[in-house]
Amino acid sequence: MSKKLNILMFSGEYDKALAALILANTAREMEVEVTMFFAFWGLLLLRDPGKMTLEDKTTFEKMFGIVTPKGPEELPLSRMNMGGLGERMLLKMMQDDKVPPLTAFLDGARKKGVKFYGCKLSVDVMGFKREEFIPEVEIITAEEYLKDALESNMQLFI
Amino acid sequence: MSKKLNILMFSGEYDKALAALILANTAREMEVEVTMFFAFWGLLLLRDPGKMTLEDKTTFEKMFGIVTPKGPEELPLSRMNMGGLGERMLLKMMQDDKVPPLTAFLDGARKKGVKFYGCKLSVDVMGFKREEFIPEVEIITAEEYLKDALESNMQLFI
Amino acid sequence: MSKKLNILMFSGEYDKALAALILANTAREMEVEVTMFFAFWGLLLLRDPGKMTLEDKTTFEKMFGIVTPKGPEELPLSRMNMGGLGERMLLKMMQDDKVPPLTAFLDGARKKGVKFYGCKLSVDVMGFKREEFIPEVEIITAEEYLKDALESNMQLFI
């Protein structure tokens, strides 16, 4: 029976998202089933910058959508961000070692069949609309996340 | 045999505490046993603002108790805190979607029989007294936490 | 059959490293097998301040090695760091309760046979050389980490 990895992606930080997606891609290559449940700041990773909308949103939800990162490449580092300088330095260091940027790992995960779930409560509170996300995202509840996690071999909170 | 969820609550941040307590409440509603082990900054969530004391504390312990958040509603956000503005914005957005504040989830967890443990080492170092916490808290060691965690189906570090 | 604990050490923060190493030491005392996989900022914990080198490094890698913490005692706190004041306060509070500093827990883990692994991708990107780390470190891939984690009873992302 295949193994199952479950990741609750809570953080909206470039380096943490990179760690999570590298694990997700690697696990799929090992034929491990992978579920990622994006909650709170993790949802920012799923935004498609070309599909942002202000319709059907409260004033705060509009503001929130405007001031927060609009997809993977806009996420800040978890430390040493220094107004973006730290991030540019990390991206250059990754390039020097032929490590692709975050978006490549996100696309890899999508192609390899990682299951993408968005947390309903977070989506509702932040006011995001389903069409603002990449198409693979299915919106589920905390209960559905827990059912999947409790049956997985490994659960991480990132 | 019922499933068991074990959460090591390390962070003292509003949004992380919210994530942890939403999971704890939901798991209890699914008849999953839930243990929460509060260590380091996580202890701040267990403080009862009305029961603060300065007795039997060293100077640093008194200072620590005064400058740190005095319970759930004083915890800062993990990001976008902006001196409390980000937090007020989040609370308003939660209200707009009829999501109750953190204290309601804490009280829900207490009523639903989530087991509340405080980390002995953290309590000793920070100088907190047992009576400063909500009454359900039992102070245990890292070894007791590990025994429980190793027998759980799912362990998260939040 | 003995139980297995697997910790992915992602953070390079004093208090998080302390939590992880206290758990590692305690688990070993309970005859639990312990694997720690140091990735991203977690690698900073493995640096031996006396073995820093600038050889065979790109300009950014040299800069990175210079500006980042050079071992356990240089790691900042995850919060309340206040330019090091918060850290000195915590260290004094630990001393008052006879809790040894982080390095003691790291050395304890090394003596007790905790397995120390460094993440190959992180090591390559940051430009660290194997000899800059404590000698117990073995460099492995994400796939090898996952193999070990999927067979463990408990996995934490710290």
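The letters A, B and C name the chains in turn, as written, and every chain counts its residues from 1.
We take it that a residue touches a chain if its C-beta (ideal position, glycine included) is under 8 Å from a C-beta of that chain, and two chains touch if they have at least 3 such contacts.
The UniProt protein names, listed by chain, are A, B, C = Peroxiredoxin family protein.
A quick note: this is a predicted structure, and the numbers were derived from the prediction, not measured.
Peer 1: Are the chains arranged, by touching, as a line, ring, star, complete graph, or other?
Peer 2: Topology of touching chains reads as complete, every chain touching all others.
Peer 1: Rotating chain A so that its CA atoms sit on those of chain B: what angle is that, to a multiple of 5 degrees?
Peer 2: Nearest-5 rotation angle for the superposition: 120 degrees.
Peer 1: Please tell me the distance, in whole Å, between the geometric centres of chain A and chain C computed from their C-alpha atoms.
Peer 2: The computed centroid separation for chain A versus chain C comes out at 25 Å.
Peer 1: Enumerate the residues of chain A that touch no fewer than two other chains.
Peer 2: 155-157
Peer 1: Which residues of chain A touch chain B in the complex?
Peer 2: Going through chain A, the ones touching chain B are 8, 10, 12, 39-41, 58, 60-61, 63-64, 67-68, 121, 124-127, 141-143, 146-147, 149-150, 152, 155-157.
Peer 1: Provide the residue numbers of chain C that touch chain B in the complex, in ascending order.
Peer 2: Touch residues, chain C against chain B: 3, 5, 15-16, 19, 22-23, 26-27, 29-30, 32, 78-80, 89-90, 92-94, 96-97, 99, 153-158.
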